[in-house]
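Order as written gives the chain letters A, B, C, D, E and F; numbering starts at 1 within each chain.
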Amino acid sequence: MLHTVNKSPFDRNSLESCLKQSKDGSAILFIEDGVYGALANTKYSDMVKEAMKSRKMYALFPDIEARGMQDKVIDGIKMIDYEGFVDLVVEKNAVQSWL
Amino acid sequence: MLHTVNKSPFDRNSLESCLKQSKDGSAILFIEDGVYGALANTKYSDMVKEAMKSRKMYALFPDIEARGMQDKVIDGIKMIDYEGFVDLVVEKNAVQSWL
Amino acid sequence: MKIGLLINEGPYQHQATDTAYLFAKAALAKGHEIDRIFFYHDGVNNSSSLTEPPQDDRNIVERWSKMAEEHNVDLVVCVAAALRRGIKDENLAAGFRISGLGQLIEAGIQADRLVTFGD
Amino acid sequence: MKIGLLINEGPYQHQATDTAYLFAKAALAKGHEIDRIFFYHDGVNNSSSLTEPPQDDRNIVERWSKMAEEHNVDLVVCVAAALRRGIKDENLAAGFRISGLGQLIEAGIQADRLVTFGD
Amino acid sequence: MNETTGGIAMDDESEGTIKKFMYINRKAPYGTVYALEALEVVLIAAAFDQDVSMVFCDDGVYQIVKGQHTKFIDVKNFSPTYRALEGYDVEKLYVSKESMDERGLAEDDLLVDVEIVDNAKMADLMEDQDVVLSF
Amino acid sequence: MNETTGGIAMDDESEGTIKKFMYINRKAPYGTVYALEALEVVLIAAAFDQDVSMVFCDDGVYQIVKGQHTKFIDVKNFSPTYRALEGYDVEKLYVSKESMDERGLAEDDLLVDVEIVDNAKMADLMEDQDVVLSF
């Protein structure tokens, strides 16, 4: 299953909610303001790194770059573009958007 | 100064932000989904009770009642209606809405 | 006392406009003056004359128009925000007028209090 | 593959519609079919023919109309949500049609994937 | 059928398919319209003979709390409608245990019969769906 | 003057008053329009000869981070405009230290000169205002 997170973890609880209610082996894609959850050296980096042990994480590069965060993403989070987003949707059985 | 909080502390960071950046002696009014921050026995009750030692807290009763929370409000938080809201605005020098 | 309001969200989607209305109504009932209500961001959608809520629901746009008429409240819709969102003279409800952001600053200067309602 | 979209927020206020558009564009470019896009909640405001963004900004409504025309995408606006927010046939942009919520469920049944964009 | 399905006739392709639809409610009522408009979706969905389940987690659990009185905010109290869901054959209602606990809520606070499940079970249920709609 | 004040002529009453206006930016750019439309307010406000200060706290600090490139999300990059604020005599820019720290940001990451203040100082500044507008 693919989970998308589009809100900053500093602003909303949706990333935390997603991590708690998603299964090992699922994929998580950070989009829009959600990409702030994909950054190193923040209050939430450890929580995300821990979740990365059992889940595959992606971040939408156009959103990362728009926000000037291209040098700050956690190692191991895969950067994709809108085509990659489409591929993920096609690959997984369903999509849950944590709005 | 009057601070209003209209978001649930479970959903957003605005209550926490407000408590950190408001002065002792200021007034805090919970409105709309913000009233979930005024409830006893929740994850955030202790944080709010601690802040009540130095700040006066109010909750908009019409919003409390709409959500069925009339029996769950923390003791010492004063229930007011829209007229009371107006009085607070008039009484304080300025209003900051934590949106 | 003169009170100004800033409303940042549209009708029905967020409670902000409802709260603002009930606040303004209470202020007027207590004898205060609502100097100006400025509609910004999606707040401009409060002024659409085309809204048609279900019979058993409140009519948010009409409530504003009525308040403007009865209490001479100045309802100002931000022109730039309105154009982005499809509010123009042709679908502007009674009692609203479209103008610039300067009207918001002016409300802040002239009113004794400015209160923001939003998301 | 057949993909359906659900869009819950209006233009300009939230990035959701932009992301949905760029996602749909990429899906079409890769040869997938965008079966239907359903506009709900404030999402119905994407269909207002009256929007007029600044010259240097993207025109969100026109982009949808153009996509509908070029790729035969079915753009459906929820009638109940639209009436609440002042979207009617008279201000409905080209390529959109107003219909019931059943169209959303139908999209969920017929498409291979349904993706939600919102706030 | 046209009436209840929102004015459309279902074509052959959709008539035979039964998919698992999950409606996830994560937001509080009244502060935003999502709770109300999500409920409207579920009521329509019931007419399509799909496998429907509804989830209440995070602030969504507040949607089904007893004792809501909305008269003074001048908005319709739609909470009684959750009780009508059973009549629409929407019987699978799941509520997050962790969300209830964090909010100090007990099953007795709720106005409908639900199954309370923990995060792990919720993740399992979600993974098992064909279509997930989140409000 | 009509042009820069949004098409209105200021009347006598407002001309003499100088109030302290604070614009608080708490939201990230691009995800929502608030950052952009708040900036538009500040630019107009500059023409009114009031005492203006701007605050960036919580996700608002992300508004003034260097290196924003918005080409691929098809939205205008408005971050250079923050550099123009000085030309409008908007010189009091305050940034929350705690918000920077939680996000692992340093002053060098920002594209404008700001004063970094802690929560206590921020509360003091806020308390001192006549009008506070929060976006």
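By definition in this document, a contact is a pair of C-beta atoms (placed from the backbone, for glycine too) under 8 Å apart; a residue touches a chain by one contact, two chains touch by 3 or more.
Quantities reported herein were computed from a predicted structural model and do not represent experimental measurements.
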Checklist entry - What is the graph distance from chain B to chain D, where chains are linked when they touch? => result 2
Checklist entry - In this assembly, which chains make contact with chain D and also with chain E? => result A, C
Next on the checklist: By the touch criterion stated at the start, how many steps lie between chain A and chain B on the shortest route?
Outcome noted: 1
Checklist entry - Since chain C and chain D are copies that touch, is their contact same (over half of the numbers shared) or different (under half)? => result same
Checklist entry - With respect to inter-chain C-beta contacts, which pair, C-F or B-F, contains the greater number? => result C-F
Checklist entry - Just how far, in Å, is the C-alpha centre of chain C from the one of chain B? => result 24
Checklist entry - CA centre of chain C versus CA centre of chain E: separation in Å? => result 33
Checklist outcome for this item: Whole-angstrom distance, CA centroid of chain A to CA centroid of chain F, is 29
Checklist entry - Mind pulling the chain A residues that touch 2 or more other chains? => result 6, 10-11, 13, 32-33, 62-63, 81, 94-95, 97, 99
Item to check | Multi-partner residues of chain C (each touching 2 or more other chains) | outcome: 8, 12-13, 15, 19, 22, 41, 57, 80, 114, 116, 118-119
Checklist outcome for this item: Residues in chain F with touches to at least two other chains are numbered 30-33, 58, 73, 75, 130-131, 134-135
Checklist entry - What chain-chain pairs meet the touch criterion? => result A-B, A-D, A-E, A-F, B-C, B-E, B-F, C-D, C-E, C-F, D-E, D-F
Item to check | Interfacial residue positions of chain D with respect to chain E in the complex | outcome: 6, 8, 40-41, 79-81, 99-106, 108-110, 114, 116, 118
Next on the checklist: Under the definition above, what is the set of chain B residues touching chain E in their complex?
Outcome noted: 6-8, 10-11, 32-33, 36, 39-43, 45, 61-63, 65-72, 81
Checklist entry - Inside the complex, what are the residues of chain E that reach chain A? => result 24, 26, 57-58, 96, 98, 119, 122-124, 126-127, 129-132, 134-135
Checklist outcome for this item: Note: in the complex, chain F contacts chain D through residues 30-33, 73-76
Checklist outcome for this item: Seen from chain D, its contact residues with chain C in the complex are 10-13, 41-42, 45, 48-54, 57, 61, 80, 83-88, 90-91
